[in-house]
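Below are two complexes that have subunit A in common, paired first with subunit B and then with subunit C.
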Partner chain A sequence: MTALASAPVPAPTRDVVRHVAIAGNPNCGKSTIFNALTGLRQKVGNYPGVTVEKKTGRFFGSHGEAMELLDLPGSYSLQVRSPDEAVARDVLLARQPDTPRPDVVICVVDASNLERNLYLVAQMLELQLPVVVALNMVDVAEKNGVVIDLMALREKLGVPVVSMVATKGVGFIELRQAVSRSPLPPPTICAQMPIVLEREVMALAKALPVPAELARGEALLLLTLHEEALAEVTHHDPSMIEATLEAQRRLRVTGFDPLSAPVEARYAWIGEVCSAVLHKGGGFDALTISDRLDGVLTHRIWGWAAFLAMMTVMFFCIFTVAAYPMDWIEGGLSAFGGWVGSLLPESDLRSLLTDGVIAGVSGVLVFLPQILVLYFFLGILEDTGYMARAAFIMDRLMSKVGLHGKSFIPMLSSFACAIPGVMATRTIENRKDRLVTILVAPLMSCSARLPVYAIMIAVFLPVASAWQKSGIMLSMYMLGLVVAFAMAWLFKKTLLRGETPMLLLEMPPYRIPSWRTILIRMWERGGLFVRRAGTVILALSVLLWALSTYPKPSDPDATPAEAIAHSTAGRIGHAIEPLIAPLGYDWKIGIGLIGSFAAREVFVSTMSIVYNVQAGDDEDTAPLRETMRAERHNDGRPVFTPLVCIGLMVFYVLAMQCVSTVAIVRRETNSWRWPLFQVAYMTGLAWIGAFIVFQGGRLLGFQ
Partner chain B sequence: MSAPFPAGILTLARARVGERLRVVTICPDCPECVRLRELGFQDRMEVRKVSDGAAIICSLMGNRVAIGRDLGEHVRVEKVAA
Partner chain C sequence: MTAEVDELLSALPLGQKGRVVGFDLPPEYRQRLLEMGLTNGIEFEVIRFAPLGDPIDIKVRGYHLSLRKREASGVRVVRV
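Here is the complex of A and B:
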């Protein structure tokens, strides 16, 4: 696969001779094939719903011709249930104006699960589109004692079939050849529908105002929609919907269920195909390793214990494994700052570089190792197939708040970043449930919160063990989870009322994680973090330095503390102080809160800048945690007491301080109403949470 | 759902873990009836219940599907003789 992945990719200007789409069931290897053909790096993982929107890339056919490749989200059927499945259906039926109907469809089939995967193939063959079947994971099938007769399968399906092991680069040459073949005729074989049904399908097809090649497929899909779904159809004239309902009534009178009859007909055909091509060994009763693991990991008690143990180990490693590289980075950047400072005479430029740029960027950059450890563990969870199990064990809890376990997958993805988490809600069928999940997903602690938690824990627990630190970190993640559940319950009871949906989720087989995939993901996410530090954080650091430096006090003998109080940032901090004083925060923390409205991790860089500027040039630059620990109010009381630190962590657990997430929620909900509501409710929740911690703690006699 | 089942017929939700079962029918009023069928819950198809709790995991055609207990009540099955 490496060689294929690094194959030259056609220049965007070269004429595309063929549009190719990759379709198939979720988790059958579509994105792995897409990545290998195009040289791109779409995210892959071992759970359904990794790809939720179409992605395009280019590749060369076997004769050097440029082709555009479209990676479609996984789908079990063209009778869609969720927005991600609708993307695949709409592209294949030419319903998307911005995407041409593909000339060829590579239908990826999981060879270890041929019968179920052939269902979508059966529907593809009904669409009159040239199809190439990529029979993937033949190695897994063989390991399971399943042998597939390739020649017989080609004959039975009437289309080219290529045997593949995409993860090992096997079968790509044959796949390119099959896709490049010209002309590629549309399929001639498909499942035979009962004659009564076929008659109604053809009558409806004739009346549909769509091109002839699309008519039968469209008619069949319309005829197999239940009444509520038909009521929501907007791409056909109401008279067509009425005609469909009439046809369904006629079919029921003759004893046919229009919804299940086509499914049964397709499975009857699949049964014939499989009996001719599939040779199985092994017994039905043999328990697989996945079955045994599921006995523990989905157990109502052991499943929870395993989940909590995994989270604890992850946070323990975040504090132990990452500690050494963090010290190296901190030491290196501190020495670099000192060296830059020693090169320049005392001036605003020196202050900008050392107190603004270096202090701001290094304050965030130092947390890179912890971010990498987090992504390493999340990568393992995604690649082994555990994500679906986590959704399963959460289903009981989720059903109590009116959602089903499937909503937990976007929430778990949000531990890395809320943006893919919000996008992953496209796998949720019900619109209201999807919206509820979008509204609560950013309450899950993302990687950007990690630097804030880590610095706060270091400030108020300087000599705590790694177990204690990871315990506090875990409790912050759990707080986000609990509040997310509580808010989901509230939304389902008030704004977005609806019945609790029924869980229906495929559990992928457990797999040994692909270390290469995990390392690539760590590299990419680490790179993103560093790029963010070098762009957004750098720009904000310069801005915050300017706001903390200008205007300068008229008195040249003013102390650095007086100077920052006089600056624009100081004035803003003082202006919002009455609002945050009940939380125990002073105006300098207020600058941090304002600065981090764009991105949470900016809080740490803002604190670095504020305290560096305040320290002036004649003091040694101490690590931020020590400066914060030494910070005092005018009356000598420490600023960062345990209650303030815990309150700040709670504030960041609950606050929606991420412009990128706001933008993605706007896109996914197609309105400003929901993201603005989300910002308002989360900010209110954060203030209340921090208030309860600080004032409640004081009432109980804590500091 | 309240009508008594013929002898030997039970719902998937009530079957025991590890039992070898055969799908008899899926209630047509089940909201997920079509998707269940599309995923392979066809009449006469053999399934095995792998895990039970608030939801059920069952194995059919070599793959595992998690379904809510409420949904499992809509799938009628019979035991397959060992």
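Here is the complex of A and C:
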């Protein structure tokens, strides 16, 4: 059965004696086990061609033999609904290029939720792969008064079963032993299908051009696909699809629904297994703690209050706690830039290094603390089980625009930064819903917009009270939110038309979070952010540096302001002036808009250069503020009237000025089509928004 | 066949226990519900409604599952 593993192995994996995959339902403690086995010896990458994360790690068997552990995305079933689940299935069926079919699968099962968790095990057993069942959270089950007869379970499933409490480190020695045992035979037991169905399965299996040990599992999966999904199958010959459809038709005639019958057969088998191994004692019902918590946290009034309180705390921390490391990073890198600058003579190279490369790196790294804090909180919310409740209470609102509760997390994350938001859309099963969520997520006011809001407010309301300032800020956040919902609704009605998706949400019992898991995830996500956003933003920072440096003015004594006016960026600013004049902007603001395309917060530093203000400290924007307020058009009218300032803020709320997000969307959607569309529609919206503010305001008699 | 009257899961009040007797849902929706353990003949309990009345949280096979009223109105049940 290990025929695939004994085939010539490529050099880098020479020392790996066994490929092990770990699978399980969501919330079964799979990541805890993965992290405990591999520690920090983890690698996160992508499966070729798809954007699903591939997480692997090295661990050692009970005799010190090296094994490669592959973390399969958590799923309830091999009947695939999301790209994540498709990868899990394809790996197990040896269909995934670059990933060998595992020699052993560790199937993690939540002992306190045995029946439903055994469903995936039932499907695994049909695949003819050696399976080790890790019966996790036996302590929780016991607290609930459920005792599982381990010997009976082993006998009923016909595979090794290890009892575990992963959060307390119990059972790992046994797990390693079970996985190291060699050779593990493939399972001999699986759920019995009704005879009529079994006959069709065998006939189809015989016809399929796949290795014998894969055939039955493949055939069963094909037979249970509904017509639309079958039409999308590309890895089989059309004649096979036709044969499957024929078989399905024959089954329907005999009164079997090919989609339901296998599921019911598996649950019937699970019922038999459970009645033999489950002993329900009279222990006290620990779930009541969770239920009582839910009584408050999903309550009609307290539920919302708790939700708002949690969000407030989270964003408070994102904007305050993260501010300190952000200052250090900014200070450190600007000092580093100064030091590099002092080493080199005045030259283009120096300017490229300090104003292009180092400034670009700093532009990415400065958001790292916020993203880490965000992931810390999201990790807690996820690990405690609250996330499912948030989706539960938000679902009704989200369904009004055709999305579901799961779209809420990406949109929430986007308030800190659209990049983790876009990455978080992976849990959304439906492709269209995922796209809609990606398209509207960057409309949420991220933290990079804050410096722009802050300077504009300071320019047009120099003596504003804290209340006025926060009122204006809040209305900008609300504007983004409202437009995001409106656009989601519009996209669902037009471009990505589709039914409001089905929602099936498991509400796991509340648990104490595992700090280790949360910290590892923060580390991993942070690294991902730096790598994915970093490379692109670096390249574009250099490009923007070149745009605002070349061509150089002929007069070597030109001020930086004259130099930037002479540069390509300045010329583009002039060129787009007719376009932005209806918004009340001049070409100088145009340069700021172009500079902001790399990242919004660059607006402030670009404007400092344009107005020839000593850039100085980021904290102290007073000189820039004063200059902007004093700025006049040729005819003496002030440039930064309140309407222009508000219009600019609206522009920044709505425009997609963030190359990192463009890069992430490109990766996540696997084409340039969607990110370019997104840039176009958001820029269009921004222009319209600023136009309405400026021209509408003037019509109403404002300045 | 039974003396009890079929009702829809979506119409059950809070705390009501019921048993699934059939589905009026598109095949792929039915398949998903089945895979989550809401099979024919299984008993469940309506635990709570979300603050805005939808979705519904039910307890089935020892765990909590939320589904929208729209899908729940395709699940025929009897009270137990």
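Heads up, the rule we're going with is that the second predicted complex is superposed on the first by the 375 of 703 C-alpha atoms of A that agree within 3 Å, B and C clash if a C-alpha of one lies under 4 Å from a C-alpha of the other, contacts with A are read in each partner's own complex, and residues count from 1 in each chain.
The criterion applied here is as follows: contacts are C-beta pairs under 8 Å (C-beta built on N, C-alpha and C of every residue); 3 or more make two chains touch, one makes a residue touch a chain.
Note that this is a predicted model, so its numbers are computed, not measured.
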{"item": "Partner chain in contact with A:Val263 - subunit B first, subunit C second, else both or neither", "value": "both"}
{"item": "Partner chain in contact with A:Ser77 - subunit B first, subunit C second, else both or neither", "value": "both"}
{"item": "Partner chain(s) touched by A:Phe603 [first = subunit B, second = subunit C, both, neither]", "value": "neither"}
{"item": "First (subunit B), second (subunit C), both or neither touched by A:Phe315", "value": "neither"}
{"item": "Partner chain(s) touched by A:Ser112 [first = subunit B, second = subunit C, both, neither]", "value": "both"}
{"item": "Touched partner set for A:Trp304, first subunit B, second subunit C, both or neither", "value": "second"}
{"item": "Subunit B versus subunit C as contact partner of A:Leu503, first or second or both or neither", "value": "both"}
{"item": "Touching partner for A:Tyr585 - first (subunit B), second (subunit C), both, neither", "value": "neither"}
{"item": "Footprint overlap on subunit A, where subunit B in one structure and subunit C in the other make contact", "value": "76-77, 79, 81, 112-113, 115-116, 119, 224, 226, 257, 259-260, 263-264, 267, 291, 294-295, 298-300, 303, 388, 392-393, 395-396, 399, 405, 502-507, 509"}
{"item": "Residues of subunit A defined as touching subunit C within the complex", "value": "76-77, 79, 81, 112-116, 119, 224, 226, 228-229, 257, 259-260, 263-264, 267, 291, 294-295, 298-301, 303-304, 388, 392-393, 395-397, 399, 405, 500, 502-509"}
{"item": "Residue numbers on subunit A that touch subunit B, as the complex places them", "value": "76-77, 79, 81, 112-113, 115-116, 119, 144, 146, 224, 226, 257, 259-260, 263-264, 267, 284-285, 290-291, 294-295, 298-300, 303, 388, 391-393, 395-396, 399, 404-405, 502-507, 509"}
{"item": "Complex interface listing, subunit B residues touching subunit A", "value": "20, 28, 31-40, 42-43, 46, 48, 50-51, 53-55, 57, 59, 61-68, 70-71, 82"}
{"item": "For the subunit C and subunit A complex, residues of the former touching the latter", "value": "27-37, 39-40, 47-48, 50-55, 57, 61-68, 70-71"}
